[in-house]
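Here the structure is laid out as structure tokens; the discussion comes afterwards.
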Amino acid sequence: MIYFTSDYCEGCHEKILERLVQTNYEQTPGYGTDRHCQAAAALIKAECKREDLDVHFLVGGTQTNLTVIDAALRPHQGAVCAESGHINVHETGAVEATGHKCLTLPAPDGKITAAQVAELVRLHRTDESMEHTIQPKLVYISHPTEYGTLYSLKELEALSAVCRELGLYLFVDGARLGYGLRCPVSDVGLPDLARLCDAFYIGGTKVGALFGEALVLTHPMLREDFRYLIKQHGGMLAKDRLLGIQFEVLFEDGLYYRISDYALQMARILRSALTDAGLAMQVESPTNQLFPIVPDTLLEKLREKYAVTYMNRVDGHSSCIRLCTSWATREEDVRAFCSDLHRYIGGTHGNG
Amino acid sequence: MIYFTSDYCEGCHEKILERLVQTNYEQTPGYGTDRHCQAAAALIKAECKREDLDVHFLVGGTQTNLTVIDAALRPHQGAVCAESGHINVHETGAVEATGHKCLTLPAPDGKITAAQVAELVRLHRTDESMEHTIQPKLVYISHPTEYGTLYSLKELEALSAVCRELGLYLFVDGARLGYGLRCPVSDVGLPDLARLCDAFYIGGTKVGALFGEALVLTHPMLREDFRYLIKQHGGMLAKDRLLGIQFEVLFEDGLYYRISDYALQMARILRSALTDAGLAMQVESPTNQLFPIVPDTLLEKLREKYAVTYMNRVDGHSSCIRLCTSWATREEDVRAFCSDLHRYIGGTHGNG
Amino acid sequence: MIYFTSDYCEGCHEKILERLVQTNYEQTPGYGTDRHCQAAAALIKAECKREDLDVHFLVGGTQTNLTVIDAALRPHQGAVCAESGHINVHETGAVEATGHKCLTLPAPDGKITAAQVAELVRLHRTDESMEHTIQPKLVYISHPTEYGTLYSLKELEALSAVCRELGLYLFVDGARLGYGLRCPVSDVGLPDLARLCDAFYIGGTKVGALFGEALVLTHPMLREDFRYLIKQHGGMLAKDRLLGIQFEVLFEDGLYYRISDYALQMARILRSALTDAGLAMQVESPTNQLFPIVPDTLLEKLREKYAVTYMNRVDGHSSCIRLCTSWATREEDVRAFCSDLHRYIGGTHGNG
Amino acid sequence: MIYFTSDYCEGCHEKILERLVQTNYEQTPGYGTDRHCQAAAALIKAECKREDLDVHFLVGGTQTNLTVIDAALRPHQGAVCAESGHINVHETGAVEATGHKCLTLPAPDGKITAAQVAELVRLHRTDESMEHTIQPKLVYISHPTEYGTLYSLKELEALSAVCRELGLYLFVDGARLGYGLRCPVSDVGLPDLARLCDAFYIGGTKVGALFGEALVLTHPMLREDFRYLIKQHGGMLAKDRLLGIQFEVLFEDGLYYRISDYALQMARILRSALTDAGLAMQVESPTNQLFPIVPDTLLEKLREKYAVTYMNRVDGHSSCIRLCTSWATREEDVRAFCSDLHRYIGGTHGNG
């Protein structure tokens, strides 16, 4: 079975394992105070072209999301997000478990707009009984989104402007950030995120690391006492150096970018093949996740050899699936898939 | 600087790194459903000599403690523990953050007794306004305790019996379990824990793994839907295989036990030297943590070359410190410490 | 200014004040253990024609909702409700503050269906990554709903059946229950609620009491230790007798029903006048809340003399408002409103 | 049976009932925005001799405590209190249910000191792993305490000074405040509380009201958005006017003080009789709660006619009980108790 189900099917880039072996017997203090965490933080600050920010390393995305949001909000405040936002649909209510409501906005392509946020806040603030409703205080977006789509710099600037004007935090979930930063159609870089957001994270788990996310905090109020919150929510490793080492390897010579480029290239090959096969996309994603609509008969055949993620039923005889590429995707597997797809489509059409 | 501060100063046993390298390109499904997690769970069940239990792999100890306790308790119920219990003093209120109170019992050596638990429950149940107080529902103990002490089998059986009689869960924090299981003075084995507890975990972070704890659940009510809770609290790795692989290596041929034996042996050498130097222990610990009371002048000298953990002031001129050994402690470092201690004590005495 | 804004603009039915005066110097034990709470509970059990249930008296609706839901759910479970459900939109995230997500269903008239619940649960249970999502465990409905609409007995039976089949609790918010029970078009009585629901409450605040709600619990698991939860959430009055006395007065000779009848009669007069004036209703409500769509010019005039609740904008020149009647509504005020409406409509039409 | 169990055994002062009757048919807006709440707030500000504070009316003490503490603390912060503090022992973990730990200090007479608070904070701030422990951020005291004792102005000033120096909030639970303010040995008045505390409340439930507490907030950060938190925790009555009216009556002509004086006078009579009978006090309380140590044989006799609160066992043949007086205590009942005590003591001695 060849897996296109996700970008976390393999271990990690081999350079990371090499470094773990090299550093294994170094003695370091624990809980993120070691020299590797410091070095990795310095590298990330350099990429962000900004010194006045804090970098923390957490074990995973759900952990990072819930810790940031819990740190940012008072009990009566909520997190604004897309209906499809990961925090709203795929984290077992982790945000609610910290006591906070997700205030959702419709977003067919996974993206929300500055205008939507402004209107939500306006409605709240003009409500005669506003104190009976949750106060919007943080905007959560993912970039790339859960549908692989990207915010343009202009869209991100508009969101940032509206958040600052209205006193909301802007937090970007970058679980797959590499695939966004390196996407040819994107004009958003790390310095833009550091300038426009109050918090964002650079995903490791889905972009070449064994595990771990690098959280960047720019807003002074989020930075205060943040380590207490990481510890409280169980996101602080005794051997945090493991995370520091991984991000050192990823950022010391651009490895993070190179492996993102590679995954995007593999996705392009897949996208072309899907399009050539006449399959429509449920959402047009320019990054490493693809969402083709496939006839059920075709899906059945594909699944004999390839593992994919089932998304949703589209109509009586077709469904949307997701295919992911990553740093570890083998080009020969991609080629095999394209070739089989071409062959099956013929057969499927013949059956139709 | 040579570190005796803790048992998590280095990376992990080299066999684990080797296995991570070997398995790196295997494709697996995520979130604990892969073959390595299954194999590791099977090994642990075999060690426990029991099949009807669930094994989950979580990223760290705080995470494991808060998830088990949150799973076990209704909102009005609390966790009984020693005043020195890790959940009470060293996890940034992680249990309270899930809404539950720690009901503490005095325990100068870190251990609580069945009689204490029985009396606490009796007082609660005979209180005319019991509904105004927290209902004790779970007993948390650590084995070894935070002071390195151990429960005897008889003590553990008594705790288990009182918990079952009174309808409380018994949960054992085994962050350093290896050092307890292998301690010559101990008569408690994994099958005992599986028989007597409702939940316990086998610590990896402090016993040779990069990170990760293997949680064993025996009580049916704790087992139900437990994976939701791991995910909600951010303790479920996308690449949970990392944890499965580590526990496979630790348990497939007894490595976990061998490295625990080694750490205990190193501790014995240290303990002898400390005793020979005439230093009293704040608590007598038979495991890998030692708590000598040292004159401040001596401590100052030791700290020039050795990192140790400061515990508490004892009187105007001496303090309790903690020394830890682990799988990674080098015998030459232990010998150097003993030799320096011997030399300093002479000098310190001379100064006195 | 004459208030039609809500059903809680005045104090309480005068018989309640009389009884408070009569009983003022009685000495009673506290926290719901007094004879008045017991007598009121007995009266309510008799109305429900069922003995095996618990009756508790809480201070208000939000309090009752959050306490029941917190008692019913484990941390990974959520409450299914209409998008317009009071818990979802008008309680400042009280349910989320206890750690639980509201799983919303579209419901233009405020009502959800058994089929919607079944489909939501089916989708959850067939999700490959169900553990990454909230488990639906309780269905919350209000009766009458926030739009004044009512469930038929058949609809309620269907909801109950689907909940029991799928293992969910059914909880009915009866903040305005009297107006539903006595509505001529309704076929749902207290014995039906006691038979079909796991928990429901009989609203006092909006139906003649000074304040307070009578919560009826039928499911054994909700009944266990429930008093601890009331206390924990601050809903247990030292002088709970105040609540017991009020519900004694309301139920000892049918006062609750008579004042509900009266409010419904006042609503009928208003409804006729609104309809006669050619105003459409946003939602057709048979109970004591009315939701006419009124031109802004008319609204402006009405507001010179009458206080109403603004609901939402309908189009560029009209809005939906809410008018409420209650036990305390004066018929002369209703008549004045109708007469003014008639007069204004003429004028408004003339302006149009 | 004559009740000395508590100060909430009867309804309320008759002037309050009279006012409820007089105002019953007034129409008011809901949720604390009515003229009675405004008038009561103005009266309380005048008593505090300070305008820049907010006054809110909540239904009860537990509610008030949990709402203030939840409003004040970030997730990693805790509330410092006496071991005997009401929030620690008698509110079913309401504070923990909002996610916050109680950091307790030993206090045999119910009072904590500025020095204890300073030392606790110093220990926290000099802890090498402070982020693994709860950050003290709020000091909770009760005045009078749970043992009826009082802080002197000097003690309160010292606590306030240490809190301000170290950046902690000071919150005073005044469930029985009247009995403290009017106690002849006390030199603390409302203006002192308004000057020295960040939040305090003036208890109604135990001092003549049907129910309700008047919360005074002076610190700007606690005042911000506080109404959202009252609503979220279910402490905001639709007919908040009920609370406003009660505090209007209590403060418009000094009724609150007069009834406190009366209760203190009744307590003095009881105290004299207990002392004359040779009974020691477990704690010397100058206010309306008394804590005599009584032989079990005497207790048994007393309980035939008088209800008292059992506190704790003192030794094999005697126990501590609590006797309370209030605005409603009848002098004839006090005289009867004293006379019976005198008689029984003779008998008891005879038995001894």
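As written, the chain order gives the labels A, B, C and D, with residue 1 at the start of each chain.
What we mean here is this: contacts are C-beta pairs under 8 Å (C-beta built on N, C-alpha and C of every residue); 3 or more make two chains touch, one makes a residue touch a chain.
Bear in mind the structure is a predicted one, so any value in this text is a computation, not a measurement.
The chain pair with more C-beta contacts between its two chains, of A-C and C-D, is C-D. Comparing the CA-atom centres of all chains against that of chain B, the greatest distance is found for C. Averaged Cα coordinates give chain B a centre that lies 50 Å from the centre of chain C. One simple way to say how far apart two chains are is to compare their mean CA positions; for chain C and chain D this gives 34 Å.
Distance between chain A and chain C, defined via averaged C-alpha coordinates, is recorded as 42 Å.
Along chain C, residues 75-76, 91-93, 97-99, 129, 131-132, 228-229, 231-232 each make contact with two or more other chains.
Put simply, chain C touches chain B in their complex at residues 31, 70-71, 74-76, 98-99, 129, 131-132, 135, 225, 227-229, 231-232. Of all the residues in chain C, the ones that touch chain A in their complex are 75-76, 78, 89-93, 96-102, 128-129, 131-134, 309-310. Note for the complex: chain B touches chain A at residues 1-3, 5-6, 8-12, 14, 17, 20-21, 23-30, 59-60, 62-64, 66-67, 91-94, 97-98, 205-206, 210-211, 228-229, 231-239, 241-242, 307, 328.
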